[in-house]
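Look for subunit A in each of the two complexes below; its partner is subunit B in the first and subunit C in the second.
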Partner chain A sequence: MAGDIETRQKPILSVRNLEVSIRTAVGDLRATGGVSFDVAPGETFAIVGESGCGKSISSAAVMGLLPRAATARADRCEFDGQEMLTLSRREREKIRGNTISMIFQDPMTSLNPVYTIGNQLMEVFLRHKKGTRAEARDRAIFLLERVGIKNAAERMKAYPHQLSGGLRQRVVIAMAMMCGPKLIIADEPTTALDVTVQMRTLALLAEVQKDFGLAVILITHDLGIVASLADRVVVMYAGKIVENAPTRSLFRAPLHPYTQGLIQCIPSHGPAGADAPLHTIPGMVPSLIGRHEGCSFRNRCALARPECAVGEIGLTAFEADHGYRCVVPHQTLMAHWRETEGMKA
Partner chain B sequence: MATPRTTPMLSLRDLEVRFTVGRRLIGRPKILHAVNKLSLDVERGEFVSIVGESGCGKSTLVKTLLGLQAPTAGAIAVNGKDLSDYSRLELAHMVQPIFQDPYSSLNPRKSVAANIALPLILSERPLPEQVTERVREIMRRVGLPQRFENSYPSQMSGGQRQRVAIARALITRPKILVCDEPTSALDVSVQAQILNLLRELSRDLDLTCVFISHDLSVVRRLSQRVAVMYLGRIVEIGKSEQIFQVPHHPYTRLLISSILPPDPEHHLPPARWDGGGPDPTNLPEGCHFRSRCASPQPVCATRLPELVDYEGTRVACLAYEPGATWKPQSTPC
Partner chain C sequence: MWRYFAKRLGIALLVVITVSVISFGLLRLSGDMAQSLAGEGATAEQVTAIRQLYGLDRPLVVQYFDWAFDAVRGDLGQSLVSNQPVFELIVSRMQVTIVLAVLSLAAAIAVAVPLGVFAAVYRNSWIDRASLGMAVFGSAVPNFWFALVLIYVFGVQLRWLPISGSQSWENFVLPTITLSTMVMPQIMRLTRGGMIEALDAEYVRMAWAKGLSPTVVFFKHALPNAILPVVTLSAVSLGFLLGGSVIVESVFSLNGIGSLAYESIRRADFPVVQSILFVLSFVYVLLTLVSDLINARIDPRIRLN
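Here is the complex of A and B:
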């Protein structure tokens, strides 16, 4: 696909033109339409967007965790040199929890309430690695300590309900690390947590990632989390990547009008105690059912013009590693950003 | 705050709500102080936010304000009259709630118009044409196009449903709106729309708003006053700008430093785990926050701090009492 953003390193995960569609009673829903991205080894790669933008379903497709009504196809979906979409169930199960692990939003539902956490941690290891129970136990205790749980040997006997939400999410992070994965997919890992706990959990995730040198795909709706954690970020809207950039570049020069709006409507953006109302993006996300021409954001966009309704809009390169999917020239987009920012100040 | 000249719209005096948890055959049952000697006055037309994390008692407080939970001790007065002196109908005319999840707070089997009209029909027994007129008026007011009248909640987006919930709360023209995390189930772009709407409505309709949230960044641009709750007590209360510019209580500082701004220059602090707070059913002597505080003093273990005036805000921390010789350090996250 033209205009793809190539990273310099050989990516650990490389996705080209991923399309996921879901059969519904009223027609096929295109959950993602041609998603392409590369995740380099050791980097934190954020996928950001609002509900229904296709951020979770893209990673579910990679992992083979799609609901039954959904089908995925892609030109390429390679993890560590292996094509993921054509794997058999058994081959995929060898990868899940082993070289790729996942962290989900709610630690209460991702832990089994009737087993001790020690049992669950060891199970992952025993299932994928040819190790003894003693090795599994040592590894589990080591990782629990690493995620900041005191008396780890004692805590191994605890059941999930005996731990607080923050501790549970730490256990889930330890569990994701059990087999020494190359990639962790964290889907809204802190949305269910309290704000002070969220901060610590994110800091822990960043530390663990650095120590073990793994890549993380961080799926979130929160640009604040993206800013403090991610190396690269893609912004998704209505099933498409609308902007793909290094984090610094994205916040310095957000080009796509949707990215700009998303940054501006965060309550902590802009002057404190200001009397001006919060920035909003008017309107709502269009239905994804059926085929659509042109830009899906055009009905909510302040810069919309007639060309926006026509054809497939490609990704334009602004800098070598920063692309945006918009027909408006980047000078105009930047001017719009400065102007709307200036109005707030 | 200073002594009010008029009767406050809402007045809580030493409010206490206790629950008995884990009752056993032998031994003393555990007592959970969900709300612990809480006093708060809210003036007519004021927008006050109450911020705290899970377990701080904010939801119990909401239930108590709505008359759904009887206080164990203390008093609540609404417009100068004790809450227990109101009939359910009278109270419904004074206080209305907006809940977190518009997916579960609306009746899925009733149309939007029927959902909105129900409180009006129950409380005022109006004529059918009056109902239609009032429903249309309030739908316009909250920004719901009239074509949604006959839609069902399942056909609407989260933001639209929350508008329906707001319309339903306002149709009886209440004086007080209690908003319990009204935007935490919504996307950011929609959240901003709903927050703006609430702010506008509270000004235009002279509503008194009590806004409950776990997220300080949400309330920053919205409220005139902010109260920070920790384990059933208010630990700091003051004007919104003051709380955000110069937070005093170490817990307020912790909450503010937990806001992640959309700024890549902002770095996460090292991951330290403070072990969380004390067991809420077995609170220690002294300050409840001291196990998480960066600079606890021996005196903090002896006495539970009360709210004292300090530079325009009220803080419950011994360091701000007259004669204290230290000031707390910011708790690193």
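Here is the complex of A and C:
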């Protein structure tokens, strides 16, 4: 099983068989079913998939930030040698914002409108480090400058509504850095931003990551971002990892038909250029309520065959660090990929 | 902040002037004052004499400005019944009402806000349901009946508390419970609603992700964002309480502004009725101004725009 492939370095985050289910009025919803992955120190690890595929809820489970109706269980969910799911509330609070920080989707709403950004930056530091207010202030100003905010000392007194979206996301990045984390989970960090500031913000995140040598989990639906930033990628569909590969390998040889579809959906992909019609994946994501047999993607898949409906489909190893969850042999999948690529050219 | 304050103050002044005109006009519209002052069997000459005595024969505009200029100087005229200055009369009766209103509102907030917060945090739990039950009880039960039950239980049966008068603090316990039970439900439900919205906001998720303790998340990050409408409602409730409750005051034999208003209306004591109306609207406007300022203090988006 490729999910069990151990990365050479000891991983900072190691997840095995993470299952999150949510109680709903119409039955239990299996938000994720047996998710496994490893994140190495210092690497950028992308989780890709369309909304509702379970990518955000997996990270929420690791952080212990699940909604009340949700429960998580896993064979292992180890961060920095500590099992996360069995921690007490207090122990978990000591990790959150300290050694793992989060960056949320919308910087317009992830800062509290009634406090100055200085207050919100210093708050995390004072919570986790035994420092004075002056130290917290210095650290905040240093980081604001580091993320490219001019007049940082002045800006400390600003309220969120006085800053633009791009600036606010910089503040959020600075806030995530306050306690010198080992891992940042960025949940769709640029989706709510103007296209013009998206790339600049991502470049900044990558720069900060390199400077401080921390790992980043990048949760996104945008494969374009993944291609330019991530070291490794897992593609999720309907609560399951369907493909797990180093970024380069994934774009060179996308095996799972869903991954292939996603890559086709990148507008700038392929040589066809502006005249080509935009690609879409037909059909809809299936409901996750109740138990399902077989592959959840089979109803939307061009290569579906009778075996797709039967049993649990495991991850097949294509290369040592590249696995895919599909019953079709990889030769056929690759042939299919070349064919669709050829049609475009 | 100062620009905001100046703007609010200007608006408040305009409202006070408008209200004074309306209250003055409404009272004149309610009937011929001279006629009702003269009484049932008065002759036409007597009515004319009274009309001239009180200056009611002058044009309305003149009467209004005459009254308004005196009012600005703190002279609200004299009671037609007791000949006491109206200002003194209102001040002496207002004291009891103010004490009772402030106590009742404070008690209501002290119970309603924490309860609203916990009801929102533990949505659909027993505490949420219990507080909903209290809210329904508080708004549904007639306050005179509730007051009588309190008097019966704590005054008559247990003999813990006095049942009437306003001599010591003990006299205020039962009226305060009665009135705060009345205003508590709305404050509680509004706090709960605001908190539910705030708890779902991204900045609260962020606060959790920062590893802050539940107390800090609820009270520092969520509550200030939920409390703005509660502040406004509290100001309105205080205005309502300061208006005095004739029923609650008479059940507990407290001589507050409510009973003064009732007596004055019954005796056609126009200067008093007119002044109570004006003073209470003035208080309402003042409270609204104060609540706007508190909200501006809490939310920078209000004061910095």
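By definition in this document, the second predicted complex is superposed on the first by the 336 of 345 C-alpha atoms of A that agree within 3 Å, B and C clash if a C-alpha of one lies under 4 Å from a C-alpha of the other, contacts with A are read in each partner's own complex, and residues count from 1 in each chain.
The working rule: a residue touches a chain if its C-beta (ideal position, glycine included) is under 8 Å from a C-beta of that chain, and two chains touch if they have at least 3 such contacts.
Fair warning: this is a prediction, and the values are worked out from it, not measured in the lab.
Novice: Of the partners subunit B and subunit C, which touch A:196 in the superposed model: first, second, both, neither?
Specialist: In the superposition, A:196 touches subunit B alone.
Novice: Could you say whether A:135 touches subunit B, subunit C, both of them, or neither, answering first, second, both or neither?
Specialist: Once the two structures are laid over each other on A, A:135 reaches no partner at all.
Novice: Just to be sure I read the superposition right, which of the two partners does A:80 touch: subunit B = first, subunit C = second, or both, or neither?
Specialist: Neither partner.
Novice: Between subunit B (first) and subunit C (second), which does A:145 come into contact with in this model arrangement: first, second, both, or neither?
Specialist: neither
Novice: By the touch definition at the top of the document, which applies to A:101: first (subunit B), second (subunit C), both, or neither?
Specialist: The second partner, subunit C, only.
Novice: Look at A:127 in the shared chain and tell me whether it touches subunit B only, subunit C only, both, or neither; answer first, second, both or neither.
Specialist: Only subunit C is touched by A:127; subunit B is not.
Novice: In the overlaid three-chain picture, which partner chain does A:321 touch, first (subunit B) or second (subunit C), both, or neither?
Specialist: neither
Novice: Who touches more of subunit A, subunit B or subunit C?
Specialist: Greater contact footprint in residues on subunit A: B.
Novice: Could you look at A:28 and tell me whether it touches subunit B, subunit C, both or neither (first, second, both, neither)?
Specialist: Neither partner.
Novice: Which residues of subunit A touch subunit B in the complex?
Specialist: 50-51, 148-150, 164-166, 170, 194-204, 206-207, 221-229, 247-248, 251, 261-263, 265-270, 272-274, 277-281, 284-285
Novice: So in the complex, which bits of subunit C are touching subunit A?
Specialist: Interface residues on the subunit C side: 201-203, 205-213, 221, 224-225, 298-301, 304.
Novice: Write out the stretch or stretches of subunit B touching subunit A in their complex.
Specialist: 53-54, 157-160, 187-193, 195-196, 199-200, 214-218, 220-221, 240-241, 244-245, 254-255, 257-264, 266-273, 275-276, 333
Novice: Which of the residues in subunit A end up touching subunit C in this complex?
Specialist: 63, 65, 92-98, 101-102, 104-106, 109-114, 123-124, 127-128, 159, 161-162, 172, 175
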